[in-house]
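Below, chain A partners chain B and then partners chain C, in two separate complexes.
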Partner chain A sequence: MSVLHLVIVAPLLLAFLVPFLHKRFQSFHTGWFVLLLPAALFIYFFQLIPAMKNQGTIQETANWIPSLGINFTAYVDGLGLLFALLITGIGSLVVLYSIFYLSKEKENLGTFYVYLLMFMGAMLGVVLSDNLIVLYAFWELTSFSSFLLIGFWFERERSRYGAQKSMLITVFGGLAMLGGFLLLHVMTGSFSVREIISMASEISSEPLFIAALVLVLLGAFTKSAQFPFHIWLPDAMEAPTPVSAYLHSATMVKAGIYMVARMSPIFAEQGTWFWLVSGIGILTLLWGSFNAVKQTDLKAILAFSTVSQLGLIMSLLGVGSAALHFKELDNNIYMAAVVAAVFHLINHATFKGSLFMVAGIVDHETGTRDIRRLGGLMQVMPITFTIALIGSFSMAGLPPFNGFLSKEMFLESMVYLLSLNIFQMNTWGVLFPVLAWIASVFTFIYSMILIFKTFAGKYKPKKLPQKPHEAPIGMLISPIILATLVIGFGLFPNVLSNSIIEPAAASIMPGLIDAGQAFDVHFSLWHGFSPALFMTIGVVLIGILLYITLPKWKKIYEILPKQFTLNHMYNSGLIRTETGSNKATNLYMTGSIRTYMIYIFVGLIGILGFSIFTKDAFAIDTSNVASIGLYEIVLALIIVVASLTILMAKSRLTSIVALGAIGYTVALFFVLFRAPDLVLTQLVIETVSVALFLLCFYHLPKMSRKEERIKFKLTNAVVAAGVGIVVTLIALSAYSTKIFDSIAQYYIENTAEKAGGGNMVNVILVDFRGFDTMFEIAVLGIAALGIYGMVRLRLSGRKTE
Partner chain B sequence: MLDIVLKIALIGFSLSSVIILIRVIKGPSTPDRIVALDAMGINLAAITGITSMIFHTKAFLDVILLFGILSFIGTVAFSKFLQKGEIIEYERRS
Partner chain C sequence: MNTNDLILQTVTKIVSFIILLFSLHIFFAGHYNPGGGFVGGLLTSGAIVLLLLAYDIKTVANSLPVDYRIMIAVGLLFAIGTGVGALIFDVPFLTHAFGYFTLPLLGKTSLHTAVLFDIGVYLVVVGATMTIIQTIGESE
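This part shows the complex of A and B:
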C-alpha cells in the first residue's frame, strides 16, 4: 500500500465513517465533512501535473492475488490523471452544491454521502487501475453505487424503475467486458493493460481478438450510453440533481470513453474498431441530439444532450484510432481528433455539470422542470440565467466559449476524413461530416430551447408551484466556478494544452509521440477560414431558422410509432422475457411426478443408449457363461408371470400378492445360487414389506378404491421397454467385457485365518467392510425415527382434528 | 440314483408351485389366495430342502425353518386381518 493506493481507496474508507459523523454531529450538514476529501484529493492530483508533463508515469503495486496475476496496480499517466482531476474536481463542486441542494431535515444525508463516496472511490479505481480484474471490480462498483444513487428516493416508482433499468443495462455491459478481459488474458497471459499494449501487435491476428474487441466495446458502450444502450440514461434522471450532474454528465458515463481511450492502443490496429467506435459514436450523436429537441423536461433534454455529446467524443476517439493504423501519415490529423476528444471531454464535464446544476436550481426554486410551465425567469434569477447562457452557448458550440473550439476541431476532423482513402472511406465516409453537421444543428436547437424556453418569454408565475426567487449563494458557487472555467478554457485554451491534454493524448496514442514527432497541442480561437468555420456558420444560421419554426415541424417526432421506440422494445422485451420464461417453465414443470419420471428415464435411455451407440460399446461373449438348468428356467418363468400379473392385475391386492410371490421366488434364486444369508434376510424382509403394503392398501380412502387396471399408455410402455432394453444391453456387455479378476480370492483365503470366522458373508459385513454396515444401521435407525415422527407429530393436523 | 429321484421331486414341487401360483392369481376369493400362499410357503420349504440335498450342504436348513415360521405368521396375520379388520389391536388413547 502506497500513498497512491490510499488516495484511491480514501473515499471508500471515508464512506465507512460517514454514518458515524452523520449521527454524531446532527447540527452540521454531513456534506461539509465529505467536502474536505475530494478537495484534498484534487489538490493531490493537481500537484502531479508537472510530473505528467514530462511523460512521466507513476506506478505502485499492492499484492492482492499474486498467484493469479491479480494485483492492485495503481498507474497514473496523462489519461488517468485527467479523469482523476475531473472526478475529484467536479466531485468537490457537486458535494458543495449538494450541501445546499439537499435538505438536512428531510433527506437521509448519511446514506446519500455513503453512496456518493462509494461511487467516487470506485471511479478513481477505474481510471487509475492498471490491472484489468481490479479495474472490472471498480467498474462494477460504479454500476452498483450508481444504482443506489438513482434509486435514492426509493419510495418513488420511477426512481426504482430507472435504477433497475440502468443496473440491468450497465451490468450486462460490465459482464461482457469481463469476458473481453478474460479473452485478452487468454491471448496474452497478462492482466496488466500496459503489458497487453506492448503485445498488441502480436495478438491482433488471433481468432479471439475480434471477440475480445466486441466484448470490451459492449462494456464501454453500455456504460457510456451509446446507441442503442443509451435508454437507461434519461431514466436515470430520477436521481437527485447533484447525482445527475456528477454521475450522468461528468464521470460515470465517461468511464466508457475512458475504456475506449485506454484500449485504443490494443485494438485500434483493426478496422473493426475504427468503424464500430466512430460509427456508433456518430449515430449516437445524431440520435441523441435529435431526441433532445422533443423533450419537455429540463433534465431529459440534458440527458439526451449528454448521450449525444458522448457520441461525439466516442466518434472522435474512433477517428483518432486511425492514427495507430496509419502511422505513415505525415500530416497527422488523427492526432488532432484525439486531442479534440480529450478537449471536448473536459469541456463537456464543465458545461454539462453547470447546466445540470442550473436545472437543479430552477427545479428547487420554482418547483418544476417542465419547460412548458417555465418562462421569463431572466429577471427573477439573473445569475442562474447567466450561468445557463454560458453553458448552453458552449454546448451549442458558439464562440468565445470552450465548446466552440472543440466543436470546430470535431468538424475539422470529420471533414478531413473525406480526403483520405482508408478503410474504403470513399464509399461511406461522406456520411461522417454530413451526420456530424446535422447533429450539430440539432444540438444548437436544443441548446436554444434550454435557455430561451426557460428564461426568456413570458413570465408565468401562476403556473409555477412556488414563488420563484434567486437561489442562495451557496448553491450558485459550484455552477459559477464551472461557468468561469467554460469561459476560461474558451479564451485561454492553451492553459490546458500542454499541462493536461498532451499527456492524456500521449497515453491514448503511445508510441507515436516517442518517435520524435513534435506533438504540440495548440489551440487558437481564430484559425482562419477553414471549412469547419463555414460549417459552424451554417449550423448557427440553419439552427436559428429551425428554432423559430420549431412548432411547425415538431410533428415529425410523431412519425415514429411507439412500438418502434427503443424504450418500448426494452420494456416489452423485459415483460416478454418474464412471461416467456414463466411459460417455458410451466411447460415442463408440470408438478406431476409422472412427467418428471418420464424426463429422468428418457434422459437415462438417451444418455446410456447414445453412449453405447457412439462408442460401439455393445459386446456379447458367451465363453464364460455357466450352463442353464431347468430349475432356473422355471423360477425365471414364475418371476415373469408374476411381474406380468402386477401389470395386468385388476385389483391392487393381487398386485401386492404377486409382488410377494416375486420376492419369495427371488429368495429361491438365492437358494439356487448358494447364498443362505441372503435367503434368510430376503424372506423376512419380503414378509414384512408385503405386510406393510397391505397396511397401506387397507387404509386407502374408500372413494378412490375403484378397482381398475393400470391404463395403457404408449409413452410409458415405450419408456419402460427402453429402460429395460438399455439396462439389459449394458448388463450383457458389462459381463462380456470383464477386464479384471475378482478380488474374492483374498476373502476366501483370509476369512478364517485373519478374521477368525467361518461365515464369509458375515465376516465381510462386520469385519472386512464393517464401515458400510455401521451406516446401514444408521439408515435403519433414521427410517425408524422418521416413521415414528411422521406417525406421532401431526403439527398441522392437530387443530383441525 | 438318488440324484435323479431328487430332481424328479424338484420338478414335481416346481410344477405344484406353478399350479398354486395360478390359484394365487386367479383366486376367486381372498381366503383362497391365502391358503394358496400358505401351501406355496410349505412348497418352497420343501424345494429348499431338496435343493440343499442336491447341493450337499447344511447351510439352508435355517431357511426351511424360517419358511415354516413365516408362512405360519403370515397366514395367521392374514386370517386375523380378514376376521377383525386389523392385525394388532390396540386401544386408542383419547
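This part shows the complex of A and C:
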C-alpha cells in the first residue's frame, strides 16, 4: 500500500466512519465532515500536475491475487489525472452544494454520504487502475452506488423504477465488458492495460480481437448512455439533484468515455472501432439533442443534453482514432479531435455541473421543475439566472465561453473528415459534418429553452407551489465556482492546454509521440475565418429562427408512435421477458409427477440411445452364453404372464397378487441359479411387502375406489417400450464385451482360509464387504424410525391443528 | 361376536417356538450354510408376528416387553462396535478375527468376531420389522 492506494480507497474508508459521525454529531450537518476529504484529495491530485507533464507517470502496485496476475496497480498518467481532478474537484463542490440542498432534519444524511463516498472511491478506482480486473471491480461498484443513490428516496415508485433501469442496463454492459477483458487476457496473458497496449499490434489479427472490441465498447456505451442505451439516464433524474449533478453529468457517465479513451491505443486502428465509436457517438449526439427539445422538465432537458454531449465527446474520440493512420505528429489534423474531446470533457463537466445545480436551486426555491409553470424568475433570482445564462450559452457553443471553443474544434474535426480517405469515408464522410451541424442547432434550441422559458417571460407566482426567492449563498457557491471556470477556461484556454490536456491527449494516443518529442496544444479564442466559424454562425441564425417558431413545428415529436420509442421497447421487453419466462416455466413445470417421469425417462432413452448410436457400442456375442433349460423357459413365461396381468388387470387386488407371483418366481429363479441365501431373503421379503400392499389396498378411500383398468396412453407405451429396449440393448452389449475376468476367484479361495467361513455369501456380507452391510442395516433402521415417526407424528399433529 | 381361537392359539404356542429355534439355527449356521443375520432376523420377527396374529398387540407386548426401537439402536451399536473394536488392535476398521477354541460342553469350536457383527444385523432386522408392523398395527 502506497500513498496513492490510500488516496484511492480513502473515500471508502471514510464511508465506514460516516454513520458514526452522523450519530455522534447530530448538531452538525454530516456533509461538513465529508467535504474535507474530496478537497484534500483534489489538492493531492493538483500537485501531481507538474509531474505529469511530458508523459510522466506514477505507478504503485499492491499485491492482491498475484498467482492470477490480479494486483491492485494504481497508475496515474495524464488521462487518469484529468479524471481524478474532475472527480475530486466536482465532488467537493457537489458535497458543498448538498450541505445546503439536503435538509439535516428530513433526510437520512448518513446513508446519503456513505453512498456518495462509495461512489467517489469507486470512480477514483476506475480511472486510476491499471489492472483490468480491479478496474472492473471498481466499475461495478460505481454501478451499485449509483443504483443506491438513484433510489435514495426509495419510497417513491419512480425512483425505484429509475434505479432498477439503470442497474439493469449498466450491469448488462459491465458484464459484457468483463467478457471483453477476459478475451484480452486470453489473447495477451496479462491483465495490465499498459502491457496489453504494448502487445496491441500483435493481437490485432487474432480472431477474438473484434469480439473483445465489441464487448468492451458495449460496457463503455451502456455506462456513458450512448444510443440506444441512453434510456436509463433520463429516469435516473429521480435522484437528488447533487447526485444528478455529480454522477449523471460530470463523472459516472464519463466512465464510458474514459474506457474508450483508455482502450484507444489497443483498438483504435481498427475500422470497426472508428465506425462504432464515431457513428454511435454522432447518432447519440443527434438523438439526444433532438429529444431534449421536447422535454418540459428541467432535469429531463439536462439529462438528454448530457446524453447528447456525451455522444459528441464519443464521436470525437472515434474520429481521433483516425489519427493513428497518419503516423507523423506534425500537421496531424485528426489529433485535434482527441484534443477537442478532452477539452470538451472538461468543459461539459463544468457547465453541466453548474446547470444541474441551477436546476436544483430552481426546484428547491419554487417547488417545481416544470418549464410550463416557470417563467420570469430573472428578477427574483438574479444570481441563479446569471449562472444559468453562462452555463446555457456555453452549452450552446457561444463565445466567449469555453463551450464555444470546444464546439468549434468539434465542427472543425468533423469537417476534416471530408478529406479522410480510409474506411470508405469518401462516400459516407459527408454525413458526419451534416449530422453534427443539425445536432448543434438542436443543442442551441434547447439551451435557449432552458434559459428563457425558466427565467424570461411572464412571472407566474400563482402557478408555483412556493413563493420563490434567491437561494442561500451556500447553495450558490458551487455553481458560481463552476461558472467562473466556464468563463475562465473560455477566455484563457491555454491555462489548461499544457498542464492537463496535453498529457491527457498524449496518454490517449501514446503511439504517436516519439521519445523526447513534445506534443503541443494551443487554443485561441479567435482562429480566423474557418469553415467551423461559418457553421457556428449558421447554427445561431437557424437556431434563433427555429426557437421562435418552436410551437409551430413541435408536432414533429408526435410523428414517432409510442410503440416505437426505446422506453416502450424496454418496458414491454421487460414485461415480455417476465411473462414469457413465467409461461415457459409453467409450460414444462406442470406439477404433475407423471410429466416429470416422462421427462426423466425420455432423457434416459435419449442420452443412452444417443451414446449407443454415436459410439457404435451395440454388440452381440453369443460365445459365452449358457444353454437355456426347460425350467428357465417356464419361469420366464410365468413372469411374463404375471407382468401382463398387472398391466391388464381390472382389479388392484389382482395386480398385487400378480406382483407377489413375480416375486416368488424370482425366488424360484434364485433356486435355479443356486443362490440359497437370496431365496430365503426374497421369499420372506416378498411376503412382507405383499402384506404391506394389501394393507394399503384395504385403506384406500371408498370414494375413489373405482375398479378400472390402467388407461392406455400412447406416449406412456412408447416411453416404456423405449426404456425397455434401451436397457436391454445395453445389457446385451455389456454382456458381450466383457473386458476383465471376474474377481470372484479370490473369494472362492479365501473364504475358508482367511475368513474362517463356509458360506461365501455371508462371509462377503459380514467380513469382506461388511462396511456396506453396516450402512444397509442403518438404512433399515432409518426406514423403521421414519415409518414410526410418520404414523405417530401425523396423529399428534392433527390434534394440535 | 365371541370367536373361539383356541386351536390357533395352541398351535401358535408350539409353532412359534419351532420357528424361533429355526431362526436361531439359521442365524448361527450362517457362516457355513445358507442363512445369516438377515434371514434369521426376519424369521424371528415372523414368529412374533404369528403371536400377534393369534393374540393381540397388548398381550404380546406384555409377554415380550421389548422396545424394538432400542433394539435397532443396540443392533447398530453391535455392528459399529465390532468395527471400532478392530481399531483397538491397530488393524483397519471392521477387520475380523477368528480362532478355534476348545470349550467346555461344546468341544472344539470356532469363534469369530463376524458373529458379533451378525448379531447387530439380526437385532436391527428384528427391531426394524417389528417397529414397522407394530406402528402400522397400532395406528387407526
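Quick note on the criterion: the second predicted complex is superposed on the first by the 786 of 801 C-alpha atoms of A that agree within 3 Å, B and C clash if a C-alpha of one lies under 4 Å from a C-alpha of the other, contacts with A are read in each partner's own complex, and residues count from 1 in each chain.
Everything that follows uses one rule, which is that a contact is a pair of C-beta atoms (placed from the backbone, for glycine too) under 8 Å apart; a residue touches a chain by one contact, two chains touch by 3 or more.
Fair warning: this is a prediction, and the values are worked out from it, not measured in the lab.
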Touched partner set for A:Thr773, first chain B, second chain C, both or neither: second
Touched partner set for A:Ala642, first chain B, second chain C, both or neither: first
Which of chain B and chain C A:Val684 touches, first, second, both or neither: both
Which superposed partner A:Thr737 touches (first chain B, second chain C, both, neither): neither
Partner chain(s) touched by A:Asn63 [first = chain B, second = chain C, both, neither]: neither
First, second, both or neither for A:Leu672, with chain B first and chain C second: first
Which superposed partner A:Ala755 touches (first chain B, second chain C, both, neither): second
Contacts of A:Asn586 with chain B and chain C, given as first, second, both or neither: neither
Which of chain B and chain C A:Thr595 touches, first, second, both or neither: neither
Residues of chain A contacting chain B in one complex and chain C in the other: 676, 679-680, 684
Chain C contact footprint on chain A (complex, rising order): 676-677, 679-681, 684-685, 688, 692, 695, 755-759, 761-763, 765-767, 770-771, 773-774, 777-778, 780-781, 783-785, 787-788, 791-792, 795
In the complex with chain A, residue positions of chain B that touch it: 10-11, 14, 17-18, 21, 24-25, 27, 30, 33, 37, 40-41, 44, 47-48, 51-52, 55, 57, 59-60, 62-63, 66-67, 70, 73-74, 77, 81, 85, 87
Residues of chain C defined as touching chain A within the complex: 26, 30-39, 42-43, 46, 68-69, 72-73, 75-76, 79-80, 83, 93-94, 96, 98, 110, 112, 114, 117-118, 120-121, 124-125, 127-129, 131-132, 135-136, 138-140
In the complex, chain A residues that touch chain B: 630-631, 634-635, 637-638, 641-642, 645, 653-654, 657-658, 660-661, 664, 667-668, 671-672, 674, 676, 679-680, 683-684, 687, 690-691, 694, 698
